[in-house]
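Both complexes below contain chain A, partnered by chain B and then by chain C.
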Partner chain A sequence: MHTFGYRANALLTLGVTILALMCAMASFSDNFNLPSPSAQVQVLNVNWFQKQRNGNDEVSLTLNISADLQSAFTWNTKQVFVFLAAEYETTQNALNQISLWDAIIPSKEHAKFSIHTTNKYRLTDQGSNLRGKEFNLTLHWHVMPKTGKMFADNIVMTGYHLPEDYR
Partner chain B sequence: MGWIGETVDSIRSIQIRQLLTQAVSLGMIVTSALIIWKALMCITGSESPVVVVLSGSMEPGFKRGDILFLHMSKDPIRAGEIVVFNIDGREIPIVHRVIKVHERQDTGEVDVLTKGDNNYGDDRLLYAHGQLWLQRHHIMGRAVGFLPYVGWVTIIMTEKPVIKYILIGALGLLVITSKD
Partner chain C sequence: MDWQGQKLAEQLMQIMLVAFAVVAFATGYAIGSFQMMILIYAGGVVLTTLVTVPNWPFFNRHPLKWLDSIEAEKHPKPQPQQPSSVSKKKSSKK
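Now for the complex of A and B:
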């Protein structure tokens, strides 16, 4: 009964079980953190606004984004992925969600930021519906843990009204 | 030599009834693994509930060898979610983040664009030729949980099949020679 094989097996099983239990507990402890981030965004300028050759509207914006996501960090957080999305409805589409800017926040020290940027991804519509369109700007964040369950949430911020004409 | 001789003797000394019991217990191990996998498929609604990350396109969030737990519910797909999708003509599924969503008013169908966090551009270059958007049927599931390093076991086994056969052989020998 007490051969080397049995002892090695028992040790391995115990080790793996304890590791799994610790991972589960670390992930579970994230539930006790109730983050209360704050964010503000301003559209400073419409750089260009045109109809592409394929008939889709495209806009380029200059944005000022400031946010404080420090409360989203816990001891089990590896990084927080944050992105700003434009969300609007058209007659064709019930929902259009377009990511304008994103960033990876590696640690709590970098979680309070203010950035001045143009949109990183093209804000293009499926069709030509953007003239005079009102859209919501939403800041989403996605907490990526060291181990366990991932969390995501968002803040809907003040919207923006696009100009009536191309420029 | 003594150890090998004893082992050979112990294999010879196995009676039919003992052989049957061992065959049954081996079958139990295999079937219970299958039951767990199929049960996970039912619970998560995804055809592969666990995937291993193979590329570095989502670093530093997901590294090669990490595993992801997938869930596929009826909930609509939204920007920011990490989805696992299959491209027609590609064998290996890809794990990337959704950056654009267009959901139809009448049919509820979605057009989705993805991008790897660590990649410079979006995934249109990875899609099939001329494909601009992913549809619902391309998506196998969304990632809900994460466990680091565990996937290295499968990566090593698929890349070095010798290790796999040695492991299976050793386990088989253990089952055959154990006397309980």
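Now for the complex of A and C:
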């Protein structure tokens, strides 16, 4: 501590160490937040349901997605990435996951939303297994923190059916 | 900066930084604002820098009192009595 440089160095070192500790504590404090989000998805219409030339089934859906993810936000949350996936089982694969729609929620004020949309990404099967298929719609979200650990969770909504015939 | 001043500067630095960190974290958590925590802590670091890094006069209140040179000449520093034995030891090692 005898010269200007040594004092500046000591202050900088301790200052950054304490800052890292504060960030770690902020990340740890996220564990005390127990979110209770809700989500509902309605399939309003099957716009088309066809077999592509290569033999894969493709569906276009009109969806109404409403969700309340406000409780997932804490003081250490930068943004929440949310996506809706269709999940179903085929003889080839025990779990098929197809992302239909996604969004980035920048703040808590935007975390309660209701959106009317067609699927943003194509719902295409590997094969032609979709006729009469029962599927789940799962809302996944990833909570991206300002510092520390990222949290991920989802809500599974069951009981959706695709039509028996192409249209 | 004298010895007492150095001790004071180090203690001041540590106490101030930890105190500002505690206040910043508590405030940020209470009002739910990460930005406020960072701002308070940044302000604290700047203030601590201004207080402890420059060589302020209050760090120099306990100057060392050296003996006068005349006083030192009256009591000469004792010289080593057997310089020959030391050199023998060194040479024996070689």
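As a convention for this text, the second predicted complex is superposed on the first by the 164 of 167 C-alpha atoms of A that agree within 3 Å, B and C clash if a C-alpha of one lies under 4 Å from a C-alpha of the other, contacts with A are read in each partner's own complex, and residues count from 1 in each chain.
Following the convention adopted for this analysis, a residue touches a chain if its C-beta (ideal position, glycine included) is under 8 Å from a C-beta of that chain, and two chains touch if they have at least 3 such contacts.
Quick caveat, the model's predicted, so the values are computed rather than measured.
Trainee: Quick check on the superposition: with chain A as the shared anchor, is it clash or fit for chain B versus chain C?
Mentor: Chain B/chain C on chain A - fit side by side.
Trainee: By the touch definition at the top of the document, which applies to A:Ile18: first (chain B), second (chain C), both, or neither?
Mentor: After superposition on chain A, A:Ile18 lies in contact with chain C alone.
Trainee: Scan A:Val46 for contacts with chain B and chain C and give back first, second, both or neither.
Mentor: In the superposed model, A:Val46 contacts neither chain B nor chain C.
Trainee: Once the structures are superposed on A, label A:His140 by its partner contacts, choosing first (chain B), second (chain C), both or neither.
Mentor: The answer is first: A:His140 touches chain B but not chain C.
Trainee: On chain A, which partner's contacts cover more residues, chain B's or chain C's?
Mentor: Larger number of chain A residues touched: B.
Trainee: Report for A:Phe81: first if it touches chain B alone, second if chain C alone, otherwise both or neither.
Mentor: After superposing on A, A:Phe81 lies in contact with chain B but is clear of chain C.
Trainee: Output check: A:Phe4 vs chain B and chain C. Expected answer is one of first, second, both, neither. What do you get?
Mentor: second
Trainee: Determine, under the contact definition given at the top, whether A:Ile155 touches first (chain B), second (chain C), both, or neither.
Mentor: After superposition on chain A, A:Ile155 lies in contact with neither partner.
Trainee: Measure off the angle at the C-alpha centre of chain A toward the C-alpha centres of chain B and chain C in the combined model, and quote it in steps of 10°.
Mentor: 40
Trainee: Does chain B (first) or chain C (second) touch A:Leu95, or do both, or does neither?
Mentor: first
Trainee: Would you give the minimum C-alpha distance from chain B to chain C, in Å, for the three-chain superposition?
Mentor: So the smallest C-alpha to C-alpha spacing between these two chains is 13 Å.
Trainee: For chain A, which residues belong to both interfaces, chain B and chain C?
Mentor: Of chain A, residues 146 contact chain B in one complex and chain C in the other.
Trainee: Can you check the complex and tell me which residues of chain A touch chain C?
Mentor: Touching chain C: residues 1-2, 4, 7-8, 10-11, 14-15, 18-19, 21-22, 25-26, 29, 74-76, 146 of chain A.
Trainee: Please name which positions on chain A make contact with chain B in the complex.
Mentor: Chain A reaches chain B through residues 5, 23, 27, 78-79, 81, 83, 85, 90-99, 102, 104, 106, 121, 126, 140, 142, 144-150, 152, 154.
Trainee: Quick check: in the complex, which residue numbers of chain C touch chain A?
Mentor: Within the complex, chain C contacts chain A at residues 1, 6-7, 9-10, 13-14, 17-18, 21, 24-25, 28-29, 32-34, 37, 41, 45, 48-49, 52-55.
Trainee: Help me check something: in the complex, which residues belonging to chain B touch chain A?
Mentor: So the residues of chain B touching chain A come out as 60-62, 76, 78-82, 97, 99-105, 108, 111, 117, 122, 143-148, 174.
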